[in-house]
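Look at the two complexes coming up: chain A is in both, with chain B in one and chain C in the other.
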Partner chain A sequence: MKKNKNSLAVRRQREVNKVAAVFLAPVILVLVVYIFYPIVNTFQISTLDWNGISADSTFIGLDNWIELLHDKAFWTAFLNNIKVMLLSILIQIPLGLAMATFVEFAGKKSTIFKILWFIPQLMSSVAVGFLFTYALATNGGIISSISQLLGGGLVDLLGNPDTALYTVIGVIAWQFTPFYMVYCVASYTNISEDVYEASLVDGATKGQYFWKIALPLLKPSLKSAAILSMVGSLKYFDLIYVMTGGGPGTSTELMATYMYKESFANFNMGYGSAVAGGMFILITLISLITMRILNGKED
Partner chain B sequence: MKKRWMKLMSLSVAVVMTMSLAACGSSSGDDSSQDSSGSSEDKTITYWNIGTEGADKAALEYAVDAFNENTDSGYQVEMVAIQNDNYKERLVVAMSSGECPDMYTSWSGGPMNEYIDSGFAQPVDDLYEEYGLNDIFMEAATAQASYNGHIYAVPTYNVSLAGIFYNTEIFDEYGLEVPTTLSELEAVCDTLVENGITPFALANAPKWTGSMFYQCLVARYAGLEPFQAAVDGSGSFEDECFQWAGEKIQEWVQKGYFPEGVNSLDEDAGQAKQLMYQETAAMMLTGSWYTGTFSTDSPEFYEKIDWFSFPAVDGSDADTSIQIGTIGDQFVSFNCEGEKLDAAFECASYYASDEAQQVMVDNGKIPPTKNAESLVTDPISKKVLEAANGASSTQLWWDQYLAPEVAQVHLDTCQELFGLTMTPEEADAQLQAAMEEYNADK
Partner chain C sequence: MKKTKIKSRISWAIAIILAVAGLIIAIVPFIFMILNSFKDKFEMLTNGIFALPEEWSLANYKTVLEANFPRYFLNSVVVLVISLTILLFIAACASYPLSRMKFKGNGFIYSVIVACMAIPVHITLIPIFRMSQAMHVYDTIWALIGPYVAIGVPISVFILTSFMKSIPKEIEEAAEIDGCSRFKMFFKIMLPMAKPGLSTLAIYNGVTMWNEYIFAYTLTQSADSRTLPLAVWDFRGQYSMDIPMIMAVLTLTALPMIILFIFAQDKLIKGMTAGAVKG
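Right, the complex of A and B next:
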């Protein structure tokens, strides 16, 4: 049968389309204004020699990008980001999982731990930064005081370029591990109670249940947790900015702090935008590759 | 399963996208709500500064209140006080989004020149003359408010020089005298180290604090010419005097003149002054605004404190009256024209009034005026003022004076000198490279 232009089905479809458009419009508008336009704009600005405030800017094509490719400072920052990323994934997720498992197995009695452990996640990064600047201070900080009690000397963690980055990574872990704990607790609730009971009936120990049953079932969530952590680490800014400002020297500079300095402190908005663009490309690439690898394993 | 991953991927890509612009996006978002350019209310002049609290607020607000009360221009000034720490960034964001305030303060130097070059400040030579400000403000203050031979700003509320605060009780206890030469200073430091006292309280995490040592050493060793020559390209930061200053700093670090972990101590968290208060450190080289800090924190402690200018380098014929610092700290620039500029300038001119100067003095500031001597009563402030008036020239802090991107390299390399992670040669070479690159782009 040839479809009539005014058939009920077509008319209905048209109505549905209209409604869909109305419902989608706000979302699309928000996406375009706050996400797509700024990205396009960033790439546009990255082709300019512009101090960020002047009315004149010069179009210089890909010069900023060529400079970026040869910019040692940027690649050092990128390497630092990779260190933050690897260590964050290796520390935060296993620790978060362990804490979640403890909370899960201990049941109601452990609510107090759930609450205590979640507190760091509730604090603002700036507050955490200041807290640890004091706690890790060479003079009168916790670590230094303990070291002195044990007969050692003062310990300078944040002022030493060899340890500063790892110290901040530790603080980042302190702040974000609770997030992964909650994430894993939530994933545990997705595992049906029946599975747990069935395994007990079959005589599995708690250890066996965890390694042989829970962990495989949690794998998809852990994978997405890893990706969340990865993206978060690659764009990291707050605690580095508060605790070290990229120092000593440039030893803890990250891509985001470098972008911020270039754009707003050094009056190089054009170059800063190229750094932002570079970050965008690198992070997207790394995300895609990681997805591919994780997918490959799954099939 | 595949589909789910695709979804997740697109989600995370979206997350990535948001973040790379979050910095710009969110801050400009804040600012637009600030409404500044005064387009909505033509007779309102928006004035940005850092007077959020305490002495800064009192001194900066005075002119605004006085103007709003007395003016017959028909304009009113609305003051927007912004936290010092991210003031510069807020200003840049406002300027880039066309919301630059009509009046704003800056620390002059490199960033102010950048604002001027970008058209966000008007020359005010005629108005400056008309209000007779030349006769009121110190010449050095007017000089620091100028660029390319024109006056672009009005100095406001403080004279701050780099100098050494010291604890007189500790000095008395070990029979130490105020040093007049570097070798005497080193002898003082050695005695202090022997007695388990840190000679200098210094918190070098923010980098500009340690840079003062470098600036003072260079100025005392060779005067200001090598620095000026290095900046304009006729000289070089690889000149001997810079190398010497770097070596001196590293020698001092090795001899234990600075607190351990100096690069991790945070000035903003007060970790340098704490060493002074605990009396585990005897001296502190810093800006003379510390008179206000010490006296507000503890008037009793302040009584133990005295001040001297950085001592001469033995065998150098450099002029020891040269000072490093700011004469006028916070300079008001104007981003408006015609009648509005006249009104805005009238407001700024209140900073030159006798009453305003009294307010500054009452709040522990040293007004950058020729008349300041008759107003200042605090003994340390008097000494600072004497040094300022006696200076053959005053160099603005390097990190303010240099173009921002060069200043950043100076701060980074200087911090590495303190950390012994870079040799003076490497530091100078990097700074020189940054300076050359900047001069080439200009």
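Right, the complex of A and C next:
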């Protein structure tokens, strides 16, 4: 009797396995073809000297990787990525939190603020990049026009290597701060109404409520926001490529724009693949370390 | 008591001033774009960028719409509809066993799929570029569908699996007693019940695909097979000195999102933050 039951269970399990395999097959196929195989293939191509067009390529072993380690342009790009990452986290999340807090405290009356603040998120990064190329132009740009109105001269923010990166970081903040606002608004709704009311009954001011009660409760979601912003900043491409193309010089070059240029403008597919591989390794390492640190603190 | 009241009044005043400042920063570039899109090429520079247009001329819009713009738009729509349909269907398929069935490797497969969320997709660009050539789809909109589906898979499976886990099991158990097969159960029960999750994901992935740039830029070349984010790029090549014309292209590009925002604001915001707030 027991044996029978067992074999029935075994048969059922086999049936479940089969059904699960059928349901999972398409997703696994797509991931293998478009994610896993390309990752392996990128590392393979990185051992070649190949222009991406001609049929013949030469195997050069780790030469591309050795070159990458000594490539100043790549490490400049990496440092720029780190700057974008840190400033994005430090600007966008506190601002987004401040805006969300305003919306939370002001109640229904502030809906109009929430709606209009969200507008920058409605444009794609490419469109934002183009818009600001003109909006920040030396001639006929917004900043220049305001400066002239106030009696100043023309302002060239994007053409100056000292200001270009910070200008771009500002534009990125313009686009993404609204995202962190709605993110924080959503996090606020997770704090129960009772907590807020109880603290007011106990005589807490709104400021005290924010610093002593809301902020500690929001901490986990702010952490995930930071991780989100970090991963996003490290692979940033569209907006910078459109606005500055990495220039002037290498002042706004990022890992992704550098990879793109090496592969598709200079036709160094082999070296471009090494850059892509290096980027992959660095981003994975940084993500792992940050998650370790953030999760470690929790205990 | 009085002192704190005055203090809170002052802080409110400061908060409102800052809020208004933020509002101005958020919308001035938008106004710049829309205002200037109605102007003539030279009018913008002679009259100043914030002057109202001498006449609200639709000439720029007409030129853009009579050029290749509708083609870019159509390409974007076709790519979006096909990729999104495939993506949501296969993601729902995968999430069903991951959320409901016990089998060896369930946890492992799930974590591998979810881990893909952190992968910078750029690393796949060169091999996918080669693949598109080998498959003879390079420079057609079909080249974009595979990568767009793949980019959306990890987050979609992540969200749908947790969504399906939250659907009560009783209905399925009853259906199972009635002799309903697993496949029937998926199509008749799970898929309809997962609709709210699917609609959130449709918006999230739809916005991502609609705005996607680097793959579209790399895998297509001719104007006939390019999508909307590249329209601006190509128009700039033609009208590099005609800033109002480019502003008209930008406004038209942003228009679908603006319309969606006006009519389905809550859904759009919920969808766009789906990746962060888990559905």
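The working rule: the second predicted complex is superposed on the first by the 277 of 299 C-alpha atoms of A that agree within 3 Å, B and C clash if a C-alpha of one lies under 4 Å from a C-alpha of the other, contacts with A are read in each partner's own complex, and residues count from 1 in each chain.
As a convention for this text, contacts are C-beta pairs under 8 Å (C-beta built on N, C-alpha and C of every residue); 3 or more make two chains touch, one makes a residue touch a chain.
What you see is a predicted model; the values in this text were computed from it and never measured.
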Most chain A residues touched (candidates chain B, chain C): C
Touched partner set for A:G245, first chain B, second chain C, both or neither: first
First, second, both or neither for A:M99, with chain B first and chain C second: second
Contacts of A:G159 with chain B and chain C, given as first, second, both or neither: first
First, second, both or neither for A:N139, with chain B first and chain C second: both
Touched partner set for A:I293, first chain B, second chain C, both or neither: neither
Which superposed partner A:L122 touches (first chain B, second chain C, both, neither): second
First, second, both or neither for A:V16, with chain B first and chain C second: second
First, second, both or neither for A:I66, with chain B first and chain C second: neither
Contacts of A:T42 with chain B and chain C, given as first, second, both or neither: both
Those residues of chain A which chain B touches in one complex and chain C touches in the other: 34-35, 38-39, 42, 52, 130, 134, 139, 224, 228, 231, 235, 237, 256, 259-260, 263-264, 269, 276-277, 279-280, 283-284, 287
Chain A partner contacts - residues on chain C that touch it in the complex: 4, 8, 11, 15, 18-19, 22-23, 25-30, 32-33, 44-45, 48-50, 90-91, 93-94, 96-98, 101-104, 106, 109, 113, 116, 118-131, 146-147, 149-150, 153, 157, 182-183, 186, 210-211, 213-214, 218, 229, 232-233, 236, 243, 246-247, 250, 253-254, 257-258, 261, 265, 269, 272-273, 275-277
Partner chain A, residues of chain B touching it in the complex: 1-2, 4-5, 8-9, 12-21, 23-25, 88-89, 92-93, 95-96, 100, 111, 114-115, 117-120, 204-207, 259-266, 269, 271, 274-275, 280, 404-405, 408, 412-413, 415-416, 419, 421-422
Of chain A, residues touching chain B in the complex: 34-35, 38-39, 42, 51-55, 130, 133-134, 136-139, 153-161, 164, 220, 224, 227-228, 231, 235, 237, 244-245, 247-251, 256, 259-261, 263-269, 276-277, 279-280, 283-284, 287-288, 291, 294-295, 298
For the chain A and chain C complex, residues of the former touching the latter: 13, 16-17, 19-20, 23-24, 26-28, 30-31, 33-35, 37-39, 41-42, 45, 52, 95, 98-99, 102, 110, 113, 115-127, 130-132, 134-135, 139-142, 145, 174, 178-179, 182-183, 186-187, 205-207, 224-225, 228, 231, 234-235, 237-238, 241-242, 256, 259-260, 263-264, 269, 272-273, 276-277, 279-280, 283-284, 287
